[in-house]
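Each of the two complexes below includes chain A, the first together with chain B, the second together with chain C.
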Partner chain A sequence: MKPILKKSIGITAKFFSSLKTVMQHPMGCIGVLLVGLFLFSAIFAPIISPYNPSDFVGDSLAGPSLSHPIGTDELGRDTFCRVIYGGRIELVLAIAAVSISLFLGLVLGMIAGYGPVWLDNCMVLVFDTIRSFPSIMLSLAILALTEPSVIIIGIVFIINATPGYGRIARAQTLSLKNKEFILAEQSLGAKPMRVILHHLLPNIIGPLLILCAMDIPVVVTVEAGLSFLGLGVLPPTPTWGTILNEGFSVIRESPWPVIAGGVPLILTTLGFTFLGETLRDLFDPKLKGK
Partner chain B sequence: MLFYIIQRIGLSVLILFLVLLTLFALIHIIPGDPVSIALGPRATPEIEARFIEKMHLDKPWYEQFVVFAVGALKGDLGEDIFTGQKVSDIIFSQLPYTIALALSGLGWAVCIGIPLGCFSASYPNSLLDRMLGVISVGTIAMPSFVVSIYSLLIFAIMLNWFPVIGAGEKGDLIDQLHHLVLPAFAVGLGWVGYLARMVRASMLEVLSENFIRASISFGIPRVKIIYLYALKVAILPTITLIGIGFGGLLSGAVFAEIIFARPGIGKLIYDMVEARNFPVVQGSVLITAFMFIFTMLVTDLIVAYLDPRLRKKL
Partner chain C sequence: MKASITRRQFISGMAAASGCLALSQFKFAYAGNTSVLKVRLKRDLQIIDPGYMIGGQESAAQYALFPRLTELSFSGKTVGWKPSVYMEKIELRDDLHIDFQLKKGFQWTNGYGELTAEDVKYSLERMKSSDYGSQFDAIKAVKVIDTYSGTIVLNFAYGPLFIESLSMGVGSIVCKAAVDKMPEKKFALDVPASCGPYVIKEHIPKQQAIFVRNPDWTGPKPDFDEIRCIIVPEANAAELAFEAGELDLTRIESNRIPPYKKKPIPNSKLKIAGYLNHAWIGMNTEHPKLKDIVLRQAIRAAINTNAIRKVVYKDVVEPAYGIVPPGLIGRRENCSYSFDPKNAKALIKKAGVKNLELKLSVLAKNRQQMLAAQIIQSNLKDVGIKVKLNPLDSGPYWSLGREKKGDAWKDSQIWIMAFGGTVDPSGYFQYFIKSQVGNWNWERWSSEEFDKLYKQGIAESNSKKRHAIYVRMQEIMEDTSAYVWLHHEPEAFVYRDTMSVDIDPEGSFLFPSTQKI
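What follows is the complex of A and B.
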C-alpha cells in the first residue's frame, strides 16, 4: 500500500474514532448534528433549494406554505432558498477569515515567543492595543472609511481576532521554549526555522484549532451583525445578515423573514459552541471551564 | 503594590497613546480620499478646500497627529463636519443613555447569574446542574442582536407589552424604565450564562478548600457557607470577566440601541458611520476605548489588591 494512502486511512480512522467519542456526550452530539446540518446545507445548496435565491417566485411576504416552507420576502423571493444560499457565503467567509487569522496569529505569536525580548514586548503591546478597542467600535471605525463588502467584513474579523490567536501562540511558545526536547534540538544545531516548524508548531496548534472551531460562529455573527446594520454585505446578495436587515424593515407586516434569518444563525452558533465546548473538555482538560 | 500600580498605569498610558495613533492612522492608511468619502461626489472645490483647511489635511501627517493628540488630551475632539457642533458635547449628551443601558443589562444578569452559579455548584452533576449548564452555554452562544430583534418581535409587536422604540419621555422615570426593560433584557441575557458558568467553576474550586471544610465541621449552615464565605473568594475571577467583558457589553448596547431606536453612543456612532462623519466616529471610538482601558486598569488593580500573587505578572 502506498504510504500516503496508508496515512490518509489512519487519519480518517482517527477522525471517526474522535467523532464517536464526541457523539457520546449529549452536548457534543447536538453540536455535531447542527454543524453537520450547516455544512450539508451550505455545500449542497443548489441541490436542496427548489428555486433560485434571486428569482421572484411568489407573493410578497407570504407565510409558510408547502411551496415556500418559510414564506417569501417583500419582493416575493423564496426565503428558504435565500437562507440556504446565505449559509454558503457564511461558510466560505468563515473558513477564509478564521484560517487567515490563525495563520497570522501563529506566525506573529511564535515570532514573539521565540524571538528576542524587545520584539516580544513590542508585539504584545501591539496585540494589547488592538484588544483595547472594543471590537465593535474598531469595526465601525474601519467601516466608516470603507465601502461595505464581504472582503471588508473578513478583514475586520481578522484584525480583531489575530491578537487573540497571537497571544495564545506566544504563551504556548514561551512555555515550550525551554523544554528539554527543544534545547536538545538546538544543541544539535537545528536552525530556528526548523525548531519552530517541526517542533513548536505541532505542539501548539491543538488548542488553537479548538479556538478556530469556536470562532467560526463568531465570523458568522460578525457578518450577520454588520450586514444587518447595512454596513456589511449589501442586498440583494443573500446572507443571513441581509435577510435579517430586509426582514427587520417589514417586521410589523410579517415576522417570517426575521425568524428565517435569525434561527439558522442561532442554530449554527449553538452547534459550533456545543462542539467546541465538548472538544475542549475532551482533549484539553486544562482549559475546562475557562 | 506601589510599583505594580505605577507599572500598570504606565502601560495603560502607552496603550492609550497607541490607540490615539491607530485612530489617527486609520484615515491615512485606508485607501480612498477622506475628503470625497466625507463630502460625497457633489461637493464643490470651495467646500472641499474649506474642509481640508478645517481638518488640517493640508499639513504634514505628524503635525496633524500633534494637533489631534493634543486636542484629544485637552478634551477637544474636534467638530462635527456638518453641523459644526463640538464632538465632545455630542458624545457626552448621548453617553448617559448607554451607561444606563449597559449597567441595567449587567445588573439583572448579576442578580440572576451569580445565584444560579452558586446553586449549580452546590448540587454538582445533578440533572438540574446539567440543564443549567446547557442553558448557560445556549444563552452565551445566542448573538445579542438576534435576542434584541426577537424580544422586540415577541414582547413589543406580538404581545404589545412594551414600547417598540425610543427611550421614553424625559423626566418621566416610569416611562423611561418601561422603555429600558427589553433592551436591558437583550443586553444582559448572554451575561447570565457567562456569570453562572464562571461562578460555578470557581465556586467548585473554593468549596474543596480547607477553610470551607472547617466551616462545615463547625456546623455552620450550608447556605451561609456558600453565599457568605465561599462566594467572597469565588467572585474574584468574575470581577476580571466583567472588566474584560465591557467590550462585549458595549457591542450588545450598540445593537440594542439601533434596534430599539434608543439614543446612545452606539446609535450615534452608527448614524455617523452612515453619514461618513468621521470626526464624530473617531471621537466616540476614542472615548469608548478610553473607558475600556480605564475599566481594565481598575479591574486589574482590584484583582491585584485582592490577590497579591498576581502583582508580579503584568
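What follows is the complex of A and C.
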C-alpha cells in the first residue's frame, strides 16, 4: 500500500471515529444533524427547489400549500426556494469568510509569536488597533462607503475576525516556541519555516478549528443582521436576512415569511454552536476529563 | 440604636422606588397627550428655505413657521383659496394687478420687527430666481405702497397663482432683514426669523423636530401647544407606532388602505388627501447606455406596469398615462405604448445591444419602490437586460440628477421617480422645461415646442384649450421614450378621531389648522 493512500485511510478512519464520539453526546448529535441538514440543503439547492427563487410563481403572500410548502412572499415568489437558496449563500459566505480569517490569523499570529520581539510588538499593535474599533460601527462604515454585496459582508467579517484568530495563534505559538521539542528541532538546524509548518501549526490548529465552527453562525447572523437593516445583499438575491426583512414588512398580513427566515437562522446557529461546544468539550486537552 | 438593612429589604425598597418612578412618568406622559400632537415625518427636514427646499416635509414646517398671502380652503373634494390670517385684504384689481394689505402687529422672531410689505416684495421676487422660479414667472414685480400695502404686478394672467404659488409652501414670506444677513442669502434648517403660529424649539437630526407655540404670534391660537414631528422612515414602523399610541397622525402606504378599510383601527380615522402623486420610471437620455431611443422604447415595452399596480399597490392606485392625475385638466386616457415583451426583444435586437447592464436607483426606505424595482428587474431580465438595484437614502437619491449636488447625475441611468402634485396642471410641467435640465429634469431632454406650450398653458384661461396644450406636452414627453408612466398614488393618512386634520393636496400637514374635536 502506498504511504499517501495509507495516510488518507488513517485520516478517514480518524474522522469517523471522532464523528462517532461526537454523536454519542446528545448535544453533539443534534449539532451534527442540524449542520448536516444545513449543508445538504445548501449543496443540493438546485435539486431540492421546485422553482427559481427569483421567479414570480404564485399569488402574493399565499399561505402554505402543496405547491408552496411555506407559502409565497409579497411578490409571489416561493418562500421555500428562497430559504434553500438563501442557505446556500450563507454557507458559501460563512465558509469563505471564516477560512480566510483563519488563514490570515494563523499566518500573522504565528509570525508574530515566532518572529523577533519588534515584529511581535508591531503586529500586536495592528491587531489591537483593529480590535479596538467597535465592530458594528466599523461594519456600518464600510458598508456605507461601498456597495452592499456578499463579498463586502465577507470582507467586513474578515477584518473583524482576523485579529482575534491572530491573537490566539500568537499566544499558542509563544507558549510552544520554548518547548523542548521545538528547541531540539532548532538545534538540529531546522529552518523557521519548517518549525512553523511541521511542528507549531499541527499543535495550534485544533483549538482554532473549534473556534471556527463556533464562528460560522456568527457570520450567518452578521449577514442576516446587516440584510435586515437593508445593508446586506441586494435584491433579488435571497438570504435569510432579506427574507426576514421582507417578512417584517408584511408580518400583520402573513407570519410565514418571518417564520421562514427566522427558523433556519435559529437552527443553524444552534447546530454550529452545539457542534462547536461538543468538539471543544471532547478535544480540548484542558477540558478533557472534566 | 444601630440602623441596619438586609439585602431583601434593600431589593424591595428599590423595586418600590422604581415602581413609583415609573408611575409618575406615566402620569406625566398622559398629561402631555392633551396638548402635544405627535406626527410622523417620513424623512428628516433638510432645507426649509422655500426657494431651495425638496418639498413635502419642508412645506409642513413652512406652514407652521411663515406667513403666506393666501391659504388653501377645503370644501368636500374641492380645494380653493382664501386670504390668510395675515391679510387685511387681498384682491384681484384686474388681470395683471393684485392688491394686498397686511394686518398690523405680526412680529418676526429674533427681534427683526414687524411683517411688512417689503418682506412680501423680497420673498416673492427672490422666488423668481430660485429652484421654483417657474412658478413665479407670472409675477413681474411687487410694488410697495406703504408699510403694509402693496401690489403684485403680473406679466400675464395666471390662474393658478393663488392656489399654487401663493398658498403652498413656495409662497412663504421670509424676513428680508434676516435672510439678507445669511451667507448666500439662503438658509436650510437655521431659520433666521419666523412669523408663524409655531417656532422651532429643537431639531435632532434623523430623530425629531419639535415646534412649540410662538408666544408673540397675534393670530388665532392653534389648538396644540407642541407639534412633535418624529422621523420614522419605515411606513410599517409608523403604523405600529400609531396603533401603539406613539403617533397621532401618520401617512400610511397606499397598499395599506384596503386592510384599514376592512378592519379600522379603534378610535381612528382614515383620510385620503388626493391622487395628485405621479410616478414614472425615468431614463437619462444623455447617458451613453441609454442614448439610443430605440433601446429606451424597448425598455418601455418590457416593463409590466399593470403587475406593479396590482401586486405592489393592491390596485389602489390609478394608472398613469402621463404626469397629470385623474380629474385635472390635461389628464390623458391612454398612452402610445403597452407592455409587449416580444416587441421589446425585437427593439433590443434592432438597437444592436447585447449584454446590457443598467443601474436602477430607488429610495431604499420606500418599500413599495423596492418591490416595484424587483418586478422591473425581472421584466428586464426576461428581455435580456440585467438590472442592478441601487437603493439610496433620501439625501443621495434626491441629489441624483441635480448638477448642483455633485457628479452623480453623470452616472444616473434609470430610476423610479415619485413626485407630489398640485391642483393645477401647470405645476406638473414646470420641472421639464429646458432650464430644469440638470435640476429636476433628470431625463435631460429639452424641446422648444414644450417650453412654448408651457408658457401658453399658464397664460391660457380656456379649459378646452388648456387641456389640448397639456395633452400635447405629455405626448412630447412620451416621444422622448425617457418615461414609463406608472401610477397616481393616493396620499393616505390615519389619525385619532379626537381631532380634525388638514392636509394639503401634496400631502403636507397644515399644523396650524389641526384641531381637537
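Keep in mind that, in the parts below, the second predicted complex is superposed on the first by the 285 of 290 C-alpha atoms of A that agree within 3 Å, B and C clash if a C-alpha of one lies under 4 Å from a C-alpha of the other, contacts with A are read in each partner's own complex, and residues count from 1 in each chain.
Keep in mind that, in the parts below, contacts are C-beta pairs under 8 Å (C-beta built on N, C-alpha and C of every residue); 3 or more make two chains touch, one makes a residue touch a chain.
It should be emphasised that the depicted structure is a prediction, and the values quoted were computed from it without experimental measurement.
Visitor: Is A:Thr129 touching the first partner chain B, the second partner chain C, both, or neither of them?
Guide: After superposing on A, A:Thr129 lies in contact with chain B but is clear of chain C.
Visitor: Name the contact category of A:Met27: first (chain B only), second (chain C only), both, or neither.
Guide: A:Met27 contacts chain B only, not chain C.
Visitor: Which holds for A:Phe248: it touches chain B only (first), chain C only (second), both, or neither?
Guide: both
Visitor: Given the touch rule stated above, what does A:Gly76 touch, chain B (first), chain C (second), both, or neither?
Guide: So A:Gly76 only meets chain C here.
Visitor: Who touches more of chain A, chain B or chain C?
Guide: B
Visitor: Just checking: does A:Leu234 make contact with chain B only, chain C only, both, or neither of them? Give me first, second, both or neither.
Guide: second
Visitor: Who does A:Thr273 touch here: chain B (first), chain C (second), both, or neither?
Guide: first
Visitor: So in the superposed three-chain picture, is A:Ser54 touching just chain B, just chain C, both, or none of them (first/second/both/neither)?
Guide: second
Visitor: Is there a shared patch on chain A that both chain B and chain C touch, and which residues make it up?
Guide: Correct list for chain A: 230, 248, 252.
Visitor: Spell out the residues on chain A that touch chain B in their complex, using ranges where they run on.
Guide: Going by the criterion above, the answer is residues 27, 125-126, 128-130, 132-138, 140-146, 217, 221, 224-225, 228-231, 244, 248, 251-252, 255, 258-259, 262, 265-266, 269-270, 273-274, 277, 289-290.
Visitor: For a test of understanding, state which residues of chain C touch chain A in their complex under the given definition.
Guide: 236, 259, 311-312, 364-365, 367, 370-371, 373-375, 377-378, 388-389, 391
Visitor: So in the complex, the part of chain B that touches chain A is made up of which residues?
Guide: Of all residues in chain B, those touching chain A are 11, 14-15, 18-19, 22-23, 26-27, 30, 32, 34, 37, 134, 137-138, 140-143, 145-146, 149-150, 152-153, 157-158, 197, 200-201, 246-248, 250-251, 254-255, 258-259, 266, 269-270, 272-274, 276, 278, 281-282, 284-285, 288-289, 292-293, 296.
Visitor: What does chain A use to touch chain C in their complex?
Guide: Within the complex, chain A contacts chain C at residues 54-56, 60, 74-76, 230, 234-236, 248-249, 252-253.
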